[in-house]
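In what comes next, chain A is part of two complexes: it sits with chain B in the first one and with chain C in the second one.
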Partner chain A sequence: MSSPILFVIVGKNEPLFEAEIDTHTGSQGNELSTRQNYFVLHSALDLVEKSAWTTTNMYLRVVDKVNHQQVSTFLTAGNIKFMLLHGGKGDEVIKSFFNEVYGYYVKLSMNPFYKYDTPITSKAFETRVRAAARSYLS
Partner chain B sequence: MNLNKAPSNILDRPLDRPRSSDGVSLSAFAYIYSELVQYHQGRAASISELERRLESAGYGVGLKILELVAYRAKESKRETRLMSILHFVSSYVWKTLFGKSADSLERSIDHADEYMIVDYEPITSTFVSVPSDLGQLSVDAYLSGIIAGVLDGAGFSARVTAHSVKIEEGEVPPTGSGGFSVPGMPPRKEKAVFLVKFSPEVLSRDAALER
Partner chain C sequence: MSSKSSAAQSGQALWTKMPKANAELFALTYGSLVTELVRDYEDPIEVNAQLDRIGHSIGVRCVDEFLSKADVAGMGMTTQCQSLRDTAEVVAKMGFKMFLGVQAEVGGFSQDQKSFSIYLQDNPLSTFVELPGDEQGGSDDLRRLKYSNVYCGVIRGALEQVNLKVECNIVRDTLKGDDLNEIRVELKEVLTDGAGDDYKEE
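And then the complex of A and B:
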């Protein structure tokens, strides 16, 4: 059984975007495990803040591990956090995924109607992120 | 480009650096910027409010240009140190916006938390003469807003102000810095100084990273 994948973009004060990605259809995660996933992911935020200033890399690799779940993080130049909860994927694969999403994020922010650090409501953005997640992470 | 094939969604467009010939023409920029200043001038009650309005117009540009420049560098690097972010602003950001680096980056002698970015021919004020009834207005406030946006986005909150400073006698502006050098125009008597004052938290964090 493969573990669920959860991708969240966190701004300075609040989550801006969330996507739960089912690696194979049919296995609906129950509510309890969904909540637990969010809990793990958000509790890793403190660790991200801590390590943010110790490196100049955007890709912070795995910042937290809980049981079999790992949290990988990518920090953009504007200190927006991309967080990915997964069951132990390869470092390079995740890096490629983050880089692709970063491209979409920068394009999105070029839109004069998108204000920095506000929730992302673009349907096109969500479609592309999900497609990227499917192609890299499943 | 074939207009029929133009991508409809912003997410499908390329982010690559445009060719230098694709840049916005100076006259188009001057026209829009002049409208921007007039718009805010009609709505501001005082000179300082007008400057604040121009700053806030530039602030959002700064936040966006930060991500764009960092993405185009393709190095997946963030700036975490004070000097490196200032260098990032005065060279990379400046090049993206104006096609040249800022003329100099100096540290204030009197205050350790203050830095100055100097430009002899800023695009926003080179062709502008400020009427005497507007006194100390610096129309480069728009650029100081951009700088503040970049620094704030990168986690270096700072107060940035624009000042027009008289070029001292004997001070020679660097030549060949890619300025506009319009034939027949008298040499500029003023240069733009962007004063960057970092907040105390930023300085203490940077001092901690020093160790």
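And then the complex of A and C:
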């Protein structure tokens, strides 16, 4: 039994990137649970702001827990938030996942055609993130 | 021209003598230049023209530096370029190596030996670059943008200074999904030297 995994990048004012990752094919999340996932994730944002001041690390570990779902967060140097909703994965695994995505994000932000804090439309970025999610989180 | 490898060798020698700049800084600087032009001119065709113009002014200056340094390297001037084939070798193996640190290949000569192609495996200008797809705002069609068009201008400007009038065009671009970069160079005419007939001595 695996719960769905939701990965979102949040900028200053709006979400920049969203990816829902099914760890197992066939576990089709219905619309209700999808909405609920987003709700949990977005309501964790306040807790991210709070916990950002408690540590000097970029990786904030689990910031919020709702039932079986946990929200882990990584804060980039530019104050962009990587948030991952999951059903209790190992801390280290998520850390390496975030680090890899951070690498891709830095590459993306070096692209002269990408403007900071705008929605990410790059297809290549999305496939890379999904591949990373598959290799680390499934 | 002695041989193919000697051009590559002296290219290497020239490269070691050149002051180096950080590749990322270089790529990002060029990137912001291009995006600024895209913002200013909007029409990609016009941006291509501007890049070519900028490249031309760079090339006109570059060739002097190239010739002065290449001379010191003990090759360039002692063996003059006899044909366009030699010129192509020197541009690709020495010019590109000296200023960009990348080795370019020459090929695709036409029947009349008046045009050739320069192949670039990796393009230092397009590091990090990903052209925005058509999904966002179809109005400004950036697929017509030739991101590295400055190369064309540089080659055109440099060869113009040595009395070769050429036309350059980027025909393949890794940014557009091709497997390598190809710059097509076409010789239009060999210009005669500066002073006209009136000034010639009898």
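Assume the second predicted complex is superposed on the first by the 138 of 138 C-alpha atoms of A that agree within 3 Å, B and C clash if a C-alpha of one lies under 4 Å from a C-alpha of the other, contacts with A are read in each partner's own complex, and residues count from 1 in each chain.
Note that in this section a residue touches a chain if its C-beta (ideal position, glycine included) is under 8 Å from a C-beta of that chain, and two chains touch if they have at least 3 such contacts.
Everything numeric here is computed off the predicted structure, so don't read it as measured data.
Could you say whether A:Lys107 touches chain B, chain C, both of them, or neither, answering first, second, both or neither?
both
Is A:Asn79 contacted by the first partner chain B, the second partner chain C, both or neither?
A:Asn79 sits against chain B, while chain C stays out of touch.
Determine, for the superposed model, which of the two partners chain B and chain C contacts more residues of chain A.
B
Mind working out whether A:Ala124 is in touch with chain B, chain C, both or neither, as first, second, both or neither?
both
Looking at chain A, which of its residues have contacts with both chain B and chain C?
107-108, 110-111, 122, 124
For the complex, give me every residue of chain A touching chain B.
By the definition above, chain A touches chain B via 52-59, 75-79, 99, 102-111, 115-116, 122, 124-125, 128.
Spell out the part of chain B that touches chain A in their complex, as residue ranges.
Going through chain B, the ones touching chain A are 9-11, 13, 15, 60, 63-64, 66-71, 76-80, 153-155, 205, 209.
In the complex of these two chains, what residues of chain C are touching chain A?
24, 27-28, 31-32, 34-35, 127-133, 135-136, 142
Would you mind writing out the residues of chain A in touch with chain C in their complex?
107-108, 110-114, 121-124
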